[in-house]
Amino acid sequence: MDNPSYKEIEKKNTPHWKVKVHEIIFEADTKWGKFFDVVLLWAILLSVIAVMLETVESIQVNYGEALFVIEWFFTILFSIEYILRIASVGKPFKYIFSFMGLVDLLSLIPTYLSLIVVGSHYLLVIRTIRLLRIFRILKLTRYVTEANKLKNALKASAVKIVVFIGGVIVLVLILGSVMYIVEGPKNGFTSIPTSMYWTIVTITTVGYGDIAPLTILGQSIASIIMLIGYGIIAVPTGIVTAQMALERNKIKEITTQSCPECSKEGHDLNAKYCKFCSAELNPHHNK
Amino acid sequence: MDNPSYKEIEKKNTPHWKVKVHEIIFEADTKWGKFFDVVLLWAILLSVIAVMLETVESIQVNYGEALFVIEWFFTILFSIEYILRIASVGKPFKYIFSFMGLVDLLSLIPTYLSLIVVGSHYLLVIRTIRLLRIFRILKLTRYVTEANKLKNALKASAVKIVVFIGGVIVLVLILGSVMYIVEGPKNGFTSIPTSMYWTIVTITTVGYGDIAPLTILGQSIASIIMLIGYGIIAVPTGIVTAQMALERNKIKEITTQSCPECSKEGHDLNAKYCKFCSAELNPHHNK
Amino acid sequence: MDNPSYKEIEKKNTPHWKVKVHEIIFEADTKWGKFFDVVLLWAILLSVIAVMLETVESIQVNYGEALFVIEWFFTILFSIEYILRIASVGKPFKYIFSFMGLVDLLSLIPTYLSLIVVGSHYLLVIRTIRLLRIFRILKLTRYVTEANKLKNALKASAVKIVVFIGGVIVLVLILGSVMYIVEGPKNGFTSIPTSMYWTIVTITTVGYGDIAPLTILGQSIASIIMLIGYGIIAVPTGIVTAQMALERNKIKEITTQSCPECSKEGHDLNAKYCKFCSAELNPHHNK
Amino acid sequence: MDNPSYKEIEKKNTPHWKVKVHEIIFEADTKWGKFFDVVLLWAILLSVIAVMLETVESIQVNYGEALFVIEWFFTILFSIEYILRIASVGKPFKYIFSFMGLVDLLSLIPTYLSLIVVGSHYLLVIRTIRLLRIFRILKLTRYVTEANKLKNALKASAVKIVVFIGGVIVLVLILGSVMYIVEGPKNGFTSIPTSMYWTIVTITTVGYGDIAPLTILGQSIASIIMLIGYGIIAVPTGIVTAQMALERNKIKEITTQSCPECSKEGHDLNAKYCKFCSAELNPHHNK
């Protein structure tokens, strides 16, 4: 995130206080930078807990005012922090529209919005995402790497998963309609959307039991839906697992170039000659 | 699906309007073909949503007539489309009995059937399957490939999965009967079929809770059934995953021979020349 | 199961009717043998369905007597079949104490037992296991092979799975007791066994909802139990999957012999010389 | 756990009774040592069952006093055993602060504590952990090895799993708050903590049904939460499985070198001689 060589150049042209503030707020290498981040994390955690507790009626009755004060205290604090971030960073817009920048902003809005729209301040829990900053303090780039690996494996499986989810949705639509016809409104399947909701509850093996089939035929179809749901969980699991195993073993990677003479493809990254016609491959092609 | 060379010949012998209509309805490469497909998909989506909304009582009361009109409008539209498809295609019967052809027909019948059988028009949701046409517009053959890979992996595992499901069904039958004897009708296990339904609800970890064991013995057996269900999910998952890992690795198989000149290894089964030094590989080595 | 060369010898010394009956009852290669097996499977299926239907009250009231007759009819039929099997087989005791022999016997007892103990005839569903004979008719040795592969993979993972189940049981005991202390009898956790039952319902993600925590602390612990249950399903799945992938790839198998000179172990099945000291290995050791 | 050579030295300097007691209590190789361990395991099992039964009201009413006596009997017995263990072991503090030593102590405390705090003696179920001693009797070091393998695979996946759980918790917080705003206290979502509890119940596919969404919007979001929960189970499963497959393949690694004499390949990394022709392998080839 922080390119040091670029920063070196930047520092020469920026006032001292800006460099200092940037160092404290954006970095965690100096003593004060680390101290700031630790305090920030605790503040985020406390403010999120305060919002959560406010919704518990017995606590709201007794400590409502205190929680109200805490909420505004942290919101103003975070607002000041947000302004300082914009002021001290070299390219403010890049920060504002970065993922963390947007999260920082969204963590402030609900409180101000609550002056107009009642109840909106519960959205303050979005602040939780700010806790991701913890990775910077812990210097756990290892965690980031692992998160990236997970992301890669999921991204590589994305097309297969989209196909799978598409299939599940079509299944849910048809089975939901069938159950609506079979069980009908008198047994709790009041409409096709409700029936689809029940089908999702069943096929994902959640099974609330707020709606349950009562006819023999309905129970038979429900049994089949359950067995389908129980069985097809194997599919996304299989997709992701096979992908992850591949990520680990990535022994052979294939270059996309075709032989300059015989045009055949499928050469390995370390290949120097075409394995089909022995022509020399373009050495500059492989990165 | 569309063999171009075959079509070239066909076009010569077919009237111009037929070729034009075929191009628009069956293909998505021309401007009008694409436009037709996009309109079609929206029509399908809207008609399915209309059917779903019709079952929600509050909507039915207020907009029932409008939805009725919409349903008939789309059905007549799709009927015309269906007739045009048959008229414009070279070999009508091949289309009629193809998978998409049958789906197209089944998407029309329920509305007409609803004149005789009340409630049957809810089966119109079968139209959802027509949405598969989306893959043609998006030119996402990639999705089709992935769907085929999934299908292959599942087909290759089919025998193992049949054995597994057979085992689960026998288990459900026996455990269901045991629970019927143990808990009996007074605790909700009114018959062996009901008891089997409960066993499936439990073994697939759905757990509605509409029926639950009340005796100590029943709860003990239920605990065992749950642990079985929790454990054996590993079996189908294992089957599919191992198969998928195999599918992926199947792409490239490596021969064990080393190059007769540079002795380097790691050549593919289909390699004729060493990819490192261009020497000819021993053709008799690979079986 | 049937050793032909052994049977050839046997046939010479056994009366003709015995050979004939054995051929029909035990084999499925001749016309009559196949016919017998198909009839038998239908009889088993019908008798199991009859038992199941008998427990549905509305059917019992109307067709109770007919089902009673059907049950006795099939039981007497199967009894005759059982006696014929013993009479015609070469070594009766080997059959009687074989798995299928025991199942055949257990499929008869409940009906006779029902004369003494009321309700015991529901155990007739054990007859379902007899349906395994279907594999012989279909000549689906392929299915048996796949079933054996599944069995091997599960057997190879058995020790790991025992360790895992042991861990889950200890976890259930401790968490169940904690929940009993936290929630107590007033919230449905009436005793530690009941509390353990609830813990199993929760950890296997079944979740009936007949018992559910009501205190904040109880719900917090319940949340942790759920997350544990949700997470550790990965363990048996991982065990079985890794084993299955291994079964498929079984590239290298290790012999158990140690070198006659240096006593080191870990030699491959195809090894002729010790890989540590070059001494010749015992060629007769490897099967 | 027991280093024999170290023990040989120790025995010379310790009184005879101490050696004898140590042999009986800590080891399972001698006749008396094995007998002691078997008796101990039964005592643990009985005392845990006694605690469990005590909580069942009908049993408590009738056999309460007997169970009280049994509990104290076993506690005093285990106290004597604990003292003997400390007395006979060479380095008492090493034992006391070992895992099993702490478990032994924690298995005694609850009974004594129950004189002061009512209900605390239910914590006696912690004694279950003492049953781990069973592995020593059965000499099933195999089980310990497998348990270690499991532990290694889980440890190696730990970072990925922490990232995953972190993601789930943030998801639960945000979705829980959204559901609180959408459904509100009148539909059972009385506070954000309760709403988070419901989200965990749903995302782990447990689904008690004690709280269930009633609005269309709530049910739609719930459907999405279920599908997320159903889908992301693939992630921890994929992590652990890929790791386990790796662990297994780690055992034997094959060198790529071919024998300098017979050119055959497939030698293990630790091989010094060709296993086919006994020629010496190139020692510098293996890294």
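Letters A, B, C and D mark the chains as written, and numbering starts fresh at 1 in each.
As a working rule, contacts are C-beta pairs under 8 Å (C-beta built on N, C-alpha and C of every residue); 3 or more make two chains touch, one makes a residue touch a chain.
If you're wondering where the values come from, they're calculated on a predicted model, not measured in any experiment.
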Chain pair with more C-beta contacts, A-C versus C-D: C-D
A-D, B-D or A-C - pair sharing over half of the A-B contact pairs: A-D
Euclidean distance of C-alpha centroids - chain B vs chain D, Å: 41
Between chain C and chain B, distance of the C-alpha-averaged centres to the nearest whole Å: 31
Where chain C and chain D are represented by their mean Cα positions, the distance between them in whole Å: 28
Approximate Å spacing (C-alpha centroids) for the pair chain A, chain C: 43
Touching two or more other chains - residues of chain A: 193, 196, 205-209, 229, 233, 237, 239, 241, 245
Complex contacts: residues of chain B adjacent to chain D: 205-209, 237, 241, 256, 258, 265
Chain D residues within the chain A interface of the complex: 159-160, 162-164, 170, 173-174, 176-177, 180-181, 185, 190-193, 195-196, 202, 205-209, 212, 216, 219-220, 222-223, 226-227, 229-231, 233-235, 237-239, 241-242, 245-246
Contact set on chain B toward chain A in their complex: 48, 51-52, 55-57, 119-120, 122-123, 125-126, 128-129, 131, 142-143, 146-147, 149-150, 153-154, 161, 165, 168, 193-194, 196-197, 200-201, 203-210, 229, 233, 236-237, 239-241, 243-245, 247-248, 252, 254, 266-268, 270-280
